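Take a look at these structures.
In the two complexes below, chain A is the common chain; its partner is chain B in one and chain C in the other.
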Partner chain A sequence: MQQINLLLTSLPDGILLGFVYGLAAMGLTLIWGVMNVINLSHGPIIALGMFGTFFLFTKAGLNPYVGLIPIAVFGLLLGVLIYTVAVHRVINAPHLSSLLATFSVNMIIIGLGTAALTTSPYNVDFAAGSFKVGSTTLLGTRLIAALITMLFTGGLYLFLYRTRPGKYIRAVANNRAAAELMGVPSTRILALSFGLGTMLAAVSGALIATFFPFSILAGGSYELKSFVIGVLGGLGNPVGALFGGLVLGILEGIIPAFLETSWVPVIEFGLFVVILLVRPSGLFGAKQ
Partner chain B sequence: MKRSLLSLFTLLILMGMILSACGPSAAPTEAPAVATEAPVETAPTEAPAAATEAPVPVEETITIGFTSSLTGAQEVSSKRQVAGFNLWMNQVNEAGGIKLSDGTVVKFAAQTYDDESSKERVQELYTRLITEDNADFLISPYSSGLAAAASIIAEQNGKIMITAGAAEDDAYKTGNTSLFQLYTPGSQYLLSTVDMLKTLDPEAKIAIVHENDKFSTSVMDGLKPYLESQGFETVLDEGYATETTDFGPVINKIVESGATVLLGGGHYPDGSTFARQLYERKVGLKFISLLVAPADSKFPELGDAALGVSTSSQWELAATHTPEEASAAGKTWYGPTGEDFAAAYNTATGEKPTYHVAGGYMTGLILQKAIEDADSVDPEKVRAALEALDIFTFYGGIKFDTSADAHGLQIGHQMVVAQWQKDDTGALVRKVIWPQDVANAAPLYPIPAP
Partner chain C sequence: MKTWQRFSGVILPILVVAALVAWPVITGKAANRESAFTILKAIALATSLNILLGYTGYVSFGHIVFYGFGGYVGIFLLTEKEWSLWTAILAGGVSSGLLAFLLGTAILRLRGAYFALATIGINEAMRAFINNFELFGGPTGITLKFSVYKIYGGAAQALQTTFYIGAGLALLALLLSHIVRTSKFGLGLLAIRENEDAAEVMGVFAPSAKTWAYVLSAIIPGMIGVLFFFKNGNVEPHDAFPLHASIELLVMVMLGGQGTVLGPILGALAYQGMRGYLVTSDFFKDIQLSVSGALLLAIVLFIPTGAIGWLRQRIPSLRRVLA
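After this line comes the complex of A and B, so read on.
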C-alpha cells in the first residue's frame, strides 16, 4: 500500500520532468532526422541554456520564462554557426567525421566554459510556488516547464507542417537530392534545422535550470538521456522524442518506489541497450 | 547501416562521458592560487626551534606534493582545502622557515596538479609527484575516494601523506603505515548529532538518505549501530547516486516513511540540491543534518532553504579551540589561535574560513610540528614524530592511532554540530549548537515550517 501511495505521488513529478527531457531529446532527434548527424555538442548547448537563465535572471533580473526568448534566439544562431563552421564541410563525409566534428565542438564549449565558469555548481534561486494535489506536491517550476514544452512542441509541429521553411526541412529530411532538384536551398535548410535543434536544447537547459542546480558539465547527463529517449521514441521522430521523454520521466518517477534510487540509471541504460537490440527503430518508429 | 552507426555512436558517447568528465587536460599548477595572494604578516606558530650554534645556515626547500580538484565534483571543497594549505605555507616561508638545530633552515614549495576530481588522474599524478617531481611529503587530495586512490600510491612508495578532507576509515585499517589522518573518522561523524537528538527528541524517527560514495557510506555505517544503541527507530535507509539532481522520488519516500529527522547527504553539489528540494516540497522535517554541503560558505545562497539545516563540522570559528582548553586537557598547545588563523585567511582571501580551509592549513601545521619535533626532514624521523604527536591546536586535538590495526587513524579530534540560523538582522549565520560546552546557540528544533 505504501508503495502504491509512493507511486501515485512520484508519477506526476516524473511526467512533468519527462516533458522537459522530451524537449531536450527533440533537438537531438530533429538534427538526426534531417541530416543524419548525431550532435555530440548537444550536452554543452543544454548547459549553455542553463547559464543563459542564470545570467539573465541573476545579473539582468529577467524572469526566467521571459529569458527563454533571448536564449532561444541565441540557441538558433549558435546552431547555425556550429553547422556552418563544423558540420557543413563533413555533411557528406562518412558518419564518423560528423561525429568527431560535433564532439570537437563539445570539447571546445566545455573547455571554454570550464575556464570561464569553473565546474562549481550554480543555482537559480527562483521559485514558482508549489501545489498540493492530494498527497502529491507539484512544483510550479516543473508545471510551467511542462506547459512551455507543450507550446514548443506545438510550435515546432506548426512550423514543420504549416510553413514553407518547415516543409523544406521535411523535404530535405526525406530526400535531399530530390529537394535540391525542386529548388530547395538545402544548405540553408540544413543550417536552419541544426539551429532549431540547438535552440530546443538551449531552451530545455534554460527550463531545467529553474529546478536543478547545474555546472558546465551538467549537460552531459541530459545528453545521455536524450540518446535514450531518441532511441526509445525513434531517432529522427520529434513527436516520438516527446513520448520517449515521458516514458523516461515516468520510469524515473516510479523506479524509486520499488528500488533504491541508485538503480534508476542502471534500468534506464539497460532499457537503452534492450531497445537498440530488439527494436532499433524505437517504440514509435524512426523517421520514414 | 543504421544499427552499426548506432553502435558506433554508443561507443562515442561512452568516450564522450569520460572526456567530458575529465574536462581540459591538467597543466601543472605550480603556483597555487592563493600563494599569490597578499602575504600574511602573522607568524604562524610558537617560535620555531632556534638555531643555537649553527655556523652557516643552509636553506633547504622541501617539496610538498598534492593534487587538487580545480574542476569536477569536488571543486568547491578542494579549492578551500588548498587555500588553507597555501596560507600555512606562505606564513612559514614569510616567517623565515623552520630552523633546525644543525642550522638548516627548512622552507616549503608546493607541487600541485588538477586531478579533475578523478581517481584515475589522482593515481597518475601522485605517481608523477613522487617519481618525477621528487616530492618529499604528500598531502591528500580532497574527498575520501580520491584520498584512498592517492594513499595506495603513497603507501607503495613509502611516502608520508597527511590526509585531509578524507574521513573514511578503511584506508587506515589495511596495514598502511604512511598515512596520517587529520579529520575525525567518518564512522564517528554523526555521533555528536545523535547525542544531541537524544536530548532534544528521543522519539525522533530517522531517515538515512546518503550519497553512495566511500565517505558517506562510511559515515552511515558508523551511524546506524549508534542510532540503534541509542534507541532510535530508523524508518528509511536509502542511498543515491553521486550525480543525482532530482530528489523528488526520494523525498516522497521520506514523507511516506513518516520520518521526522533526516540524516544524510554526501558532498556539496548533491547536498545543496537536496536541501533546496526539501524546502521547495515543504516536507516539514523537524531536523535535517547533511554532510559537507552546509559547512560551506556558499550554502546560504540557497536562501531560506538553508534555514535550520545542520552539519557535522570538523571545526567552526565560533567554537574554535583555545590554549585554555589544551591546558585543561593536559595537552601541549601548538600554532596560532583560531582568531589569528581566521584573520590571516580573511586578509589573504577576503573570506571567512570553513572547516575545509582549516583542514588544509592543519596539514601543513602538523607537518611543521613533526619536522620541529624530529629536528630533521628525514622521512623516518618525521614519521616517528607524527606517531608520537599528541597536541592541541585551534582545530582541536591531534593524535594518531599507532596500532597495527588502524595505523594513522585520527583519535584525538572531536566534531561539533553547526546549524544555519538567522541572526537579529535576518541574515543566515552558521551557529554551533553542540556540544553544549562550546555551543553559541540553542538548536533550532523543530525547523520552522517553510
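After this line comes the complex of A and C, so read on.
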C-alpha cells in the first residue's frame, strides 16, 4: 500500500519530467539523424540554456516562459556557429573526428563557463502553483514544461513535414549526395539542422532550470540521459525520442518505489547497453 | 640490418621511458618523481588504448572503466584478503582482461558511433553499480590502512617502489604495443581498421581478433589502476571511472598519432606537459580547459593523423624510425 502511494506521487512526476528529457534527446537525435554526428557538446548547451533562464529571470525579471524565445534563438545561432567552426570540416571524416571535435567544443564551453560562473549551484526561484489530482500533487512548472515540450514537438513535426527548409533537412538526412544534385544547399541545411538540435537542447535546459538547481556541469547528466533516450527511441527518430523520454521518465518514477534511488542510473545504463546490443535501431525504429 | 629494422620502431619509445625514469633519479626531487609518474601512467594507458583505437579502429569512449574496475578488484584483495601488492596488481590486470573479454564478445559487434556510445554506457553503468555495491564500500569506496605501506618499507619507500613499477608497466605496455604491431595478429587488426568486411573475406577472423585486441588493451589499465589507487591510499567510484579521463586518453592518442607505437607516448608527454603548464600559469589557469579544447579542435580539424602521422607524411625517410 505504501508502495502504491509512493508510486502515485513519483510516477506523474516522472512522466512530466520524461517529456523534458525527451525534448533534450530530440535535439541530439535530430543531429544524428541528419548528419551521423553525435554531438558531445550537447550537455554544456543544456547548461547554457539553464543559465539563460537564470539570467533572464533573476537579472532581467523576464518570465521564464517568455525567456524561452531569446534562449531558443541563441541556441539556434550557437549551433550554426558550432557547425561552421567545428563540425563542417570533419563531417565526412571517421566518427572519432566528429566525436572529438564536438567534445572539444564541450571543453571550451565548460572551461569558459567555469571561469565565469564557477561550478557552484545556482537556483531559479520560480513557481507556477500546483494542482491536486486525488492524492497526488502536480507542480505547475512541470505541467507547463510538458505542454511546451508537446508544442515544440508539434512545431518540429510541422517544420520538418510542411515547410521547404524542413523538407530539405529530410532530404539531406535521407541522401545528401542526391539532395545536392537536386539543388539543395546542403551546407546551409546541415548548419540549420545542427542549430535546431542545439536549440532544442538549450530550450530543454531552460525548462529544467525551473525545476532543479543547476551548475555549469549539470548538463552532463542530461546529455547521458539523452544518449539513453536516443537509443531507446531509435537514433535519428525525433518522435521516438519523445517516447524514449517518457519511458525513461516512467522508469525514474517507478524504480524509487521498489529500490533505492541510487539504483536508477544502474538500470538506465544497463538498459541502454542491452538495447544497443539487442535492438540498435531502438524500440521505435531508427530514421526512415 | 634486418634485426635493426625489426626493432627500430621500439628504440625511441624505450628511450623516452628511460629518460622519464632517469629524470627524477638524477635530480633527486620527489616532485619530479610525481610528475614523471603521472606521465608514465598516461603513457601506459594511452598506449594500451592505442591497441584498440589505433590498430583496430574501434573508438572506446569509456576505456577508463578497465582502470577503475581493475583498481577496485586489486585494492579490495589488498585490503580485505591481504594479498601482496604484486599479486593484487596481477589480479587487477586479469580481472580487467576478463571483463574486456566478456564485454568484447558482446559489444564489439557494434560499429562506429554505436560502439562508442556503448562504451560510455558501460562506464556509467559500472560507476553507478559500484556506487551501490556494498562489498566495494559503496559510494565511500575503500580506504587503505596506513599500516599496509609498512611491508614495503614505509610510505616514502612505497612511493619509490610504485614509481618503478609504474615505469615497468609503461615499458610493458609499449613492448606489447610493438609486438602487436609487428605481428601477424596486428596485421589482421590493421586490416580490420581499414575495412572490416574485406578483412574477413581475406581470412581474418574478425570477432576473435577484435576481442583479443580489446582484452590486450584492457589488461595494463587494470594493473595501473591497482598501482595508482595503492599509491593514492583510497579508491572511490568518482575517481575510478572519470569519463573525462577516457577522453583525455583519446586526445593523447590523437595528438601523437594513432596507430603508431611512438605516437601515444609523445601524445601523453605533450598533453601532460601542456596541462601542467596551463594549470600552474597565472594567465591560463582559470580557462585551462578551454585552451585544451581549442588545441584539440585545431588538431582534429587540421592534423587528424597526429604529430607522427604528419611527420611521416612530410619526411619519408623518418618512416623507418617512427613506426
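Odds and ends about this structure:
Note that in this section the second predicted complex is superposed on the first by the 288 of 288 C-alpha atoms of A that agree within 3 Å, B and C clash if a C-alpha of one lies under 4 Å from a C-alpha of the other, contacts with A are read in each partner's own complex, and residues count from 1 in each chain.
Criterion: contacts are C-beta pairs under 8 Å (C-beta built on N, C-alpha and C of every residue); 3 or more make two chains touch, one makes a residue touch a chain.
As the structure is a computational prediction, the values presented were derived from the model and not from experiment.
Within the superposed three-chain model, A:Gly270 lies in touch with chain C and out of touch with chain B [touch as defined at top].
In the superposition on chain A, A:Val228 contacts chain C only, with no contact to chain B. With both structures placed on the common chain, the touch criterion links A:Thr58 to neither chain B nor chain C. By the touch criterion defined above, A:Thr187 lies against neither chain B nor chain C after alignment on the C-alpha atoms of chain A.
Judged by the touch definition given at the top, the superposed model places A:Val90 against chain C, while chain B stays out of reach. Annotation for chain A, partner touching more residues between chain B and chain C: B.
Of the two partner chains placed around the shared chain by superposition, chain B and chain C are both touched by A:Ile38.
When the shared chain is aligned, chain B and chain C each come close enough to touch A:Thr114. By the touch criterion defined above, A:Ser104 lies against chain C but remains apart from chain B after alignment on the C-alpha atoms of chain A. On chain A, the surface patch touched by chain B in one complex and by chain C in the other comprises residues 38, 95-96, 99, 103, 106-107, 110-111, 114-115, 224, 227, 231, 260, 262, 265, 276, 280. Within the complex, the chain B residues that touch chain A are 2-3, 5-10, 12-13, 16-17, 19-21, 23-24, 70-73, 75-76, 212, 238-241, 243-246, 248-250, 252-253, 255-256, 268-269, 272-273, 276, 280-282, 298, 301-303.
By the touch criterion given at the top, residues 53, 57, 59, 61, 106-107, 109-110, 112-114, 116-118, 120-122, 124-125, 127-129, 131-132, 139, 247, 250-251, 254, 286-294, 296-297, 300-301, 304 of chain C touch chain A in their complex.
Residues 32, 36, 38, 85-86, 89-90, 93-97, 99-101, 103-108, 110-112, 114-115, 224, 227-228, 231, 260, 262-263, 265-266, 268-270, 272-273, 276-277, 280 of chain A touch chain C in their complex. Residues 2, 5-6, 9-10, 13-14, 17, 38, 40, 43, 95-96, 99, 103, 106-107, 110-111, 114-115, 118-121, 123, 125, 127, 130, 135, 137, 139, 212-213, 215, 217-218, 220-221, 223-224, 227, 231, 235, 252-253, 255-257, 260-262, 264-265, 276, 280, 286 of chain A are the ones touching chain B in the complex.
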